[in-house]
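The two complexes that follow have subunit A in common; it is paired with subunit B in the first and with subunit C in the second.
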Partner chain A sequence: MSADRIIFEDVSKFYGEVLGVNRVDLSIPPGITTLVGPNGSGKTTLMNLMTGLVRPNRGRVQVLGLCPEDSERLFRLLGYCTQYDSFPRHLTGYEFLCFYLRLHGTSHGAADRLVWQALERLGMTEAAHRRVAAYSKGMRQRIKLAQAICHQPQVLVLDEPLNGLDPMARAEMIALFRELASAGRHLVISSHILHEVDKISDQVVMLTSGYVVAEGQIQAVRSEMHQEYPMQILVRCDKPALLAARVFEQDHVVEVKMHKDRRGLLVSTRSGDQFYELLERLVLEGALTVESVAPADEDVYSVYEYLIGSEGGGAA
Partner chain B sequence: MNWRLWRAQIAAILRLELRKTLLGKRAIAVYVLAASAVLLFGMHSIAAGRGWIRCRADEDFLLYAGFFQLFYLRLAIFFGCVFVFMNLFRGEVLEKTLHHYLLAPVRREVLAAGKFLSGLLASVLLFGAGTALSFLIVCSHVAQIRHQEFMAEPLPAHLAAYLGVTVLACLGYGSVFLVMGLLFRNPMIPAVGVLIWESITVFVPPLLKKISVIFWLESLCPVQVPFGGAGKIFAISGEPASPWLAVPGLLALTAVLVLLAALRLRRLEINYGAE
Partner chain C sequence: MAVYKRTYQPYSGTLTPAWSRFLIIARQAHRRVFDSRFLTFFFVVCFVCPAVGAVFVYLRHNAGAIALLNIDVARMFPIDGRFFFRFMGWQGSLAFLLTAFVGPGLISTDLRNNALPLYFCRPFSRAEYVLGKMSVLAILQSLITWVPGLLLFAFHAYLEGGAWLRENLFIASGLFLGSWIWIVTLCLLALALSAWVKWKVLAGALLFGVFFVAAGFGQAANAVMHSRSGNLINLGELIRTVWAGLFRVDADTGVSPGAAWMVLIGVCALCLYLLDRKVRAYEVVRS
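On to the complex of A and B.
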């Protein structure tokens, strides 16, 4: 099982007296996993732990069965796009990638082919022979991504990979991440931008102050919180007053709000399943016609707000 | 043991590091230090050629020996190695680029060896050239003034000895500063400590002299320079070490220090924020 997962077992990391992460237990499957949390919550520390850039003070990390200290084997199957925006001086984008592949022991011909493949994928072929120092922030971000993917790794760790990219480039990157994930790869991504996290994630790990506060598929995380934070469901139908009357009879319903245009209801419930059953029954009975039903707070943003709230001022 | 892979990785490290060391802005200071001998003896040769100063062949070789031991070894090569070897890791940490190496499938021992070799090649290239050119300038100048005596000198042997000492100095000081660059956040302070120790070894008992790089290097120089001036009163003379002890000793010291650097590198964590 651990051979296809990234495992954290009771992992803690302290920088002197400053907490990085504490008692983290995670088992990350293939697909896109997003680390979400405010600045200083421990996202980068988790990424650095799984790539061996820092070592845990306690606990154990394994990446597809490998210990991060085994760099010689680990980095053949892992690529890491760090947040550090610095590069060896004097190198062009092409030379930078080529140098990295030569460290893999790749022959000159194979390295050349892989470099051009990666540059093409990231839309950087025209800037290949320009010095990285002369690149814009967005181009530097792309060349870092190119470095992370150029050896075609099984695991990609991407620290704020969408930073500095324009909206078009972000869309392209998200499509690339989806493509890589659909090929069975692991992508671990940290991000502040919650609506993009919502779009790309198969699962999320929410962190605050070095602790994991939630993990899993966002819907599953949300439903686990229903006692403390009842689910909100927005229903637009032809007879909202009738629906309101029927849902008020249910124990699991906490609150019902009528929309201003009187054609919709916002229902707060501790059991989404029971509410959907009731709604289905009413529709089948022909009591009302439903235009739309949508969870109003079953997204990363809402879960983030509930769990992390005002601490996450940095999130958008 | 994947020697073929390690060789390829060291070759990749050498290509990048030599470029950085020889073409970077920091290299200017090293070029100036390496060229100091050529400049000084070039000027000396011009002055003697125009009759501004009077020279004797034996004095010129003694002058060269004094310059080589008191300035070139103790200061030029010393500080050249400080600039080159301390920056191999410390410079990368300050520029926040070391992670590029640590995120590649390279054993950290191989990285330490590759980086050390690049520093060694760069420093030997620059200081070896400085030593050889300045010695040849002295030779050509002496040849003009005292042809017969000049021909009697074992000059190729002296040149080889000076070049050998230069290489060993780069090895010895290079390995010391490689380790310092990995152990200390501000390695200049311990480097000054080493400089002071290397400077005062002439005043310490023979046993303590041996805990220095310069003692072994001076033992290998082809011409011994007498210690003069007021300090002569406090100087403690010691027998020079045999080359059979000095050369393997310096090589062993280098091996131990590079191994220490590799061990330190194995435990190194990237935390640029703390720098």
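On to the complex of A and C.
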């Protein structure tokens, strides 16, 4: 099983007296995993740990069964895209990719082929022979991603890859992430843009102050929090008053708010399953007609707000 | 979680030997160096002295030219340890200038741009990175120090005969060893300063400072203490002392060869320590 996962076992990392991450246990399967947390929460440290760029003070990290210290084998499998625009200004996009690919040990001919494949995939072929210094922000993000994927790795670690991109470029990038993940790769992405995290993630890891506060599929994380943070469900129907009267009879319902237009309710409940059963019964009895039902806080943004709250000022 | 089927094909082509990958850095950097007209011109100028030396050697063995010029070239320009000691002094100075032009930007630019993770997220270690950056300078310095020196030595030995070669083999080893001591010292100093201050201009200024300001202090110390122990902080005098031992000449620096070796080794060790502290992949995490 560990040969298919990225595993952190009781991992701690301190930079002198500054905490990077503490007692992290994670098992990351293939697909898109997003690291979410405010600045300084330990996202980049986790990424640096799995890429072997920093060593843990305690615990063990394994990437698909490999120890990150085994750089010769690890970096055949792993591509890393840092958050910084760290380009040699005098190089063209093609030269930039070729240079780092040659450091991988790829021969000149193979490097040329792989670089053009990556440029084509990222839609950068026309800009290949322009200097990187003249690229727009979106092009720089894409060329950074190209250097991470051009050696065809199985694991991609991408630090803030959506930063600074316009909505169109973000959509293209997200589509590319999906395509890469759909081929069975691991994509570990850090992001501040929570509504997009929701769209792309198969699972999330939430961090604050170096600690993992939640991990897994966002719905599963949310359902584990029902006692402390009752689930909010938005119902639009023809008889909201009737529904309100019926739900108030239930023990699991904490609060009910009527919409201003009196055509809907916002129900807070500690048991979503019981609420949905009740609603289904009412509909089958013909007591009311439901227009729409949707969880109001079963997204990354809400979970982030509950768990991390005001610490995450940088989140969008 | 979505169900993903593994369909991608990882790269399975041949790889270059791991030991040779550091040379990729040198190749890239040399292209940049020779993009500069000034550096290209300076590099060409560095071969004037070896060319002049070769002319002297040729004249010494050309009876027709000697008769034509009516001068005793053999007496005016004896080809011996002192000739090559002077050759090393001149070429060594040029190697220093070349280092001052090229060296300061080698690591500082990467550190300022946070580019080190880009290097180290490959099968490429910190030692290979430093070796790659050193090779940028060492290859250029070699081409203007021991390579032309040994060619000159071989040219003279060819014209002079086997007996001279056997008697003066110490000059060949002096050229090679002396050049490499200087090359390693200059490379480590330039890279350590580049990594330490992270600013190309300041690193260049510091490199000049280490040589000339320290030499000035050394002279002042000599004057105050009426001794020559101040030369212990003058890197130029220290390397001359070491070269003098290798070429079997008297440099009259007032520093013992043992002390000169110790100080140079100390300087190199300090530079390695600085490089070990500064050349690291991770970004600074602030509390």
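Convention: the second predicted complex is superposed on the first by the 314 of 316 C-alpha atoms of A that agree within 3 Å, B and C clash if a C-alpha of one lies under 4 Å from a C-alpha of the other, contacts with A are read in each partner's own complex, and residues count from 1 in each chain.
What we mean here is this: a contact is a pair of C-beta atoms (placed from the backbone, for glycine too) under 8 Å apart; a residue touches a chain by one contact, two chains touch by 3 or more.
Just so we're clear, the structure is a prediction, and the values are computed from it rather than from any experiment.
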Original post:
Sharing subunit A, do subunit B and subunit C clash or fit in the superposition?
Top reply: clash
**OP:** May I ask you to decide whether A:86 touches subunit B, subunit C, both, or neither, giving the answer as first, second, both or neither?
**Re:** both
Subject >> First (subunit B), second (subunit C), both or neither touched by A:163 >> reply: neither
**OP:** Using the superposition described at the top, determine whether subunit B or subunit C touches more residues of subunit A.
**Re:** C
**OP:** Please work out whether A:117 is in contact with subunit B alone, subunit C alone, both, or neither, and reply first, second, both or neither.
**Re:** neither
Original post:
Once the shared chain is lined up, is A:202 touching subunit B (first), subunit C (second), both, or neither of them?
Top reply: second
Original post:
Regarding the shared-chain residue A:185, is it in contact with subunit B (first), subunit C (second), both, or neither?
Top reply: second
**OP:** Considering only touches as defined above, state whether A:72 meets subunit B (first), subunit C (second), both or neither.
**Re:** both
Original post:
Residue overlap on subunit A between the subunit B contact set and the subunit C contact set?
Top reply: 15, 48, 51, 53-54, 71-72, 74-76, 80, 82, 84, 86-88, 90, 99-100, 102-105
Original post:
subunit A touches which residues of subunit B in the complex?
Top reply: 4-5, 8-9, 11-13, 15-16, 19-20, 23-24, 95-97, 99-108, 267, 269-272, 274
**OP:** Would you pull the subunit C residues touching subunit A in the complex into a rising list?
**Re:** 1-2, 4-11, 13-18, 21, 24-25, 28, 32, 35, 109-110, 113-115, 117-125, 281-287
**OP:** Under the touch definition given earlier, write down the residues of subunit A that touch subunit B in their complex.
**Re:** 15, 48, 51-55, 71-76, 80, 82, 84, 86-91, 99-100, 102-105
Subject >> subunit C partner contacts - residues on subunit A that touch it in the complex >> reply: 15, 18-20, 29-31, 40, 44-45, 48, 51, 53-54, 71-72, 74-80, 82, 84-88, 90, 99-100, 102-107, 110, 114, 147, 151-154, 181-185, 202-203, 217
